[in-house]
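Listed next: structures, encoded as structure tokens.
One chain, chain A, links the two complexes that follow: it is found with chain B in the first and with chain C in the second.
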Partner chain A sequence: MSHHLPICGSKEEPLHAIGARFDTPDQLLAAVNRLRAEGYSAYECYTPYPVHGLAEVMRLPKSLLSFLVLGGGLTAILIALSMELVPSTLIYPLVVDGKPLNLSALPQYVPIVVALTLMIGAIAAVKGMIILGGMPRLNNPMFAWDLFAKDASRGFFLAVEADDKKFTTAGVTELLDQLGAGDVTAIHLEEESK
Partner chain B sequence: MSATTSNETAAPDLSAIARPPQVLNNRGPLWVTDAVCSIVEGKTPLWWYAAISVSGAFAAIGGACILYMIVTGVGVWGSNSPCFWAWDITNFIFWVSMAHAGSLISALLFLTRQKWSISISRAAEAMTVFAIVCAGVYPAIHIGRVWFVWFLFPVPNSYGMWPNFSSPLLWDVFAVTSYLTVSSLFWFAGMIPDLAVLRDRATTKVRKFAYGLVSLGWLGTARQWRHFEMMYVLLAGLTSVLVVTVTTIVASDCATSVVPGWHATIFPFYFMVGAVYSGSATILTLLIPLRTIYPQLKELITPSHLDKVCKLLLMMGSCVAYVYVFELFNAWYSANPFERGAFWERFTGSYSWYAITCLSINLTIPQLFWFKAVRRCLPLVVVLAILCNVGMWFERFMIVTTTLTRDFLPSSWGNFHPTIVDILTATGTVGIFFTLFLLFIRFVPIVNMSELKAALPGSQPKHSTGEGH
Partner chain C sequence: MSNEQTSLPAPETFDYKHVGGRFVGLCLTAVVTLIITLVLGLGDPKQFAFSWLFAGSFFFTLLIGSLFWVVVHHAVDSAWSVGIRRQLENISCLLPLLALLLVPLFFVAPLVWTWMAADPVHDHELAEKSAYLNVNFFWLRTVFYFLLFGIVAALLRRNSIAQDKDGAAIHTIRNRRVAFFIIPVGAIALTFWSFDWIMGLNIRWYSTIFGIYLFAGSALAALCLIILLANALRSAGYLGRVLTAQHNFAFGKLLLAFTLFWSWIAFVQYMLIWYANIPEETAYYVLRSTGSWKVLGIVLVVGHFLIPFTLLIFRAPKASAGFLGMVAGWILAMHLLDLYTMILPVLHPEGFDPAVLDIAAVIAIGSTLGALFLKKLGDSPLWPSRDPRLAEAANYND
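What follows is the complex of A and B.
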């Protein structure tokens, strides 16, 4: 079976993964369940939109992003308060209209605190998503697979990676065939990506 | 599987209360991808070149006027004692307010799981970002000596001077900066998966490189989606706060002063409802012609979606009407002669026709949207929506300028007349807005494809937990 496997990437380079395409999210979930049951752990799913339940099936932990945003927001509150209070009360106390400047006038410092908290929280959210998601990464072994690189939005892709302890080309290919996967392909690394 | 089928047959007929379909004609995810991408991938249409030449010309003239103003001084504007704020702040408030409906639609309606907003959220967010850019033109240049703009920020400097943190004008600087940053991030980050689709489908090297760069190497792995979905919820939460805070702070510019006609606690609410009102009108003005130009969008942005935006406009328009009436009542009921004088002057003084135009539009036009026949007649909706924005511009002028020209002392009264530089700068911002929107149509997917596909019927697995199946 395995010698019929289509190959992409450079034949001389080591095998990166065996990729497969499914037509429906149900098939993908079933495949992940089966892979887990068989004891595989190094695999990745690629979907054109967030598929409900996939992360649970893959046992992915909850995203840490909310803590990053909380940290960013709390830092912003501290930065904003010190940025406002230090000049206003210590180094440049400017009295306008007889308004007080110290802590008794805390409400007047709130709008800038809110604005900066939202801004730094949002920056933390986007930066965190990019870094936790392994981005920016402009090359990827998966791009060697033309079917995936040209039209990832046309299916639900699964790649079982070669560094999985249980990985054998024949075993994975047979398993994927049993699961009704289409376009099972051996993805080798490309020369440039080394 | 058989259990599911028997459940389905046993269920009562819910078609009467079923939600209208997200996408018409039972289109699937592949059709959605092709329909949205074809707008960006097709040959640039002639009308686009024509439109961007016109809007670009207006923007360039506006830019030239700003340059002329900077090298000559603010005297080239009509603003002068006692009316130091005129078209600059009128236009600033007009634009920054318009932005709010976009945030409301994309963030607040996302958090409340109003799925109908998915199809229009991307365009609404774009409108938000571009309107803030137009608003941002004014604050820096209206200070006169632009090279001192860094005084607005708390930068340690050799003079030992610091800004006045108790001033709402400084709050404004932070509010607008954070609004531009957060809404741009929300817009861009939500677009990454869709930009990756364009990268995958790109046929030329330049496009592949450009979309590859901006999509940051997105692959759509389960891990990436997990973080992405968390980020989207968090950003929507942060942006929802901005819907309320930004115009509230802008309203404080007026409300915290003692000038009659401005010194009112209803101002933050007044500005906010007016903001969402004019923004909803802008969304209708932009999307209805776009549907006509690109017929495939008719199945994505359905009459039912537009109907809901019309209802939003009606609700906010009614709130605006309430505020107008309440403001007048308050002026009378306060028995404050200056407050009464300010409102009397508004309707009988030199600028009475501004106030009358504003009230006659904003009290009547949105009320037409009570009628389904009006909401369903899309060409009429566009005309009415444009009128609503005209009314809102007159309202902003009425609030800013007529109040300043009639102060406490008759000796400090004066009138404001716009100069040609005022007018061309204002039309310049309209040009900037449409130029940016045209670029958006041409280079970016204008519908949030990934979110829409995830919400289509049948796109999610039937057994989503995976446990024990």
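What follows is the complex of A and C.
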């Protein structure tokens, strides 16, 4: 069935996905819509830039990232305030320049609070993005596909993964052909180097 | 994108049937409040001078803020804001009328800017500053500010309207050049305007960040005004094709950003003065944090920063025009309070003392400007109908 499909990766290894390339983001959006309508759920899109509406079409859930950043920011506020207030008002009350120790002295603590909130919030955002994105990851089976690995900005790529419940090579190939996809390729896993 | 519409939205022109009697009402309000202000002002010229300065400064910041958004639109070649640009142009072109309304200040100037009445011979500090702070140079600068901003606003609007007729891209390029010119010049001019008109209420006090503080408030307040105006026009059935829920997101994000910007600048000014604790600098905040003025200061911190910040930080409500309009109205009121606490404590150092004149002056200037704005509204299409980026603006996706 899949004899006419170009194959990359190692033929002896299991099939990972069927990859396809589209020329325009609109085609990709249409393809994802169709895949969803047909009941596929395990697919991934690879685009050279963020495509408006793609996340909505793929029904991606809201990212956890904003909660991570909020948590990081609130932690930072607590750390900064306790590190400033506990030593300089409780352990060793520090009176400089006749400044009071009560609430009206709050302004002097704000710059540290803001700076630490920004820093930990930013770290939470970057590290959260890396971890939620599944990185660090040394290899992706998609890299077996030369066209994709050499220049992923050449088009809008779609990979229908083989572990999808509805997946049949013939069915997916036919569907992708109907959708006007180019370079439909069967991507097998690569041999592990020993 | 997939739902892109290639046809340009057909130009809309404002139909006065939506205004009905409101235009006449506005004119009547203007006349009545102007008379009230005049009568009360003759009885208490000092209160009149401060109230008029307060109201005039409030509307000046709104108009300058609108001009800022037009300028920044051209300077960065922005697409999303094409739909609201004509209204921003209309607002900023009210500057000549505002200048005219502020003429009475010329006659009561020594009552607000008391240094004008002081004699440099007996006032060493004034003598030291007299190369800059003298009556002739002050009025020369004032005329310069209004001429500069007025001419730039008129130029930007004229090119924009010329483009409605011939659709030539050269008008966009000309406006970009004007924008590049006015950004540095206007920043300096606005800074000195704030020094002259508001910091000059007490010539012994100075804060180098004051111009930025005022600018932050102006840009934020003008953004609020345009959100309210966009909501009003949309509920009258206009702008639907060029302002969508996606534009609401853009408004919401800018509102949050400028709320933070204002808060940070306000805090920086306060913190540095509070921390350095130099008497001539702290005088400004000592006055505004004693007695009942302290309450207004706290209201400002809570109302101008904490409340809008908390409301605007969530993503989903920002798509709603109603929600944005509510927040915008609130921030606009807070901007009014901000200017009130800049100017009026100089007149009433003993504590918060609201006067009928304060309210009457705001209504008088506001309704006069509003009436002229309504008159201008129908003169031209509601958005730049042949702007090169109009299609992009209509299909803007946040």
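One rule holds for everything that comes next: the second predicted complex is superposed on the first by the 188 of 194 C-alpha atoms of A that agree within 3 Å, B and C clash if a C-alpha of one lies under 4 Å from a C-alpha of the other, contacts with A are read in each partner's own complex, and residues count from 1 in each chain.
Keep in mind that, in the parts below, a residue touches a chain if its C-beta (ideal position, glycine included) is under 8 Å from a C-beta of that chain, and two chains touch if they have at least 3 such contacts.
Every value quoted in this text rests on a predicted model; they were computed, and no experiment measured them.
Once both complexes are superposed on chain A, the partners chain B and chain C clash. Legend: residue contacts after superposition of the two complexes on their common chain; A:111 is shown touching both chain B and chain C.
More residues of chain A are touched by B (comparison of chain B with chain C). In the superposition on chain A, A:53 makes contact with both chain B and chain C. Touch criterion met: A:25 reaches chain B and chain C at once. Between chain B and chain C, the overlap after aligning on chain A sits in one stretch of 58-66, 76-84, 292-300 or 310-318, namely 310-318. Within chain A, the residues touched by chain B in the first complex and by chain C in the second are 25-26, 29-30, 51-53, 66, 99, 108, 111. Taken in their complex, chain A has these residues touching chain B: 24-26, 28-30, 32-33, 44-58, 60, 63, 65-66, 69, 83-84, 87-88, 91-92, 94, 96, 99, 101, 105, 108-109, 111-112, 114-116, 118-119, 121-123, 125-126, 128-130, 132-140, 142, 149-154. Within the complex formed with chain A, the residues of chain B that make contact are 29-30, 33, 154, 160-168, 170-171, 174-175, 177-179, 181-182, 185-186, 188-189, 193, 196-197, 200-201, 212-213, 216-231, 234-235, 238-239, 241-242, 245, 249, 252, 449-451, 453-454, 459-467, 469.
The residues of chain A lying in touch with chain C in their complex are 25-26, 29-30, 51-53, 66, 97-99, 107-108, 110-111. In the complex of the two chains, the chain C residues touching chain A come out as 1-2, 267, 270-271, 274-275, 277, 315, 397.
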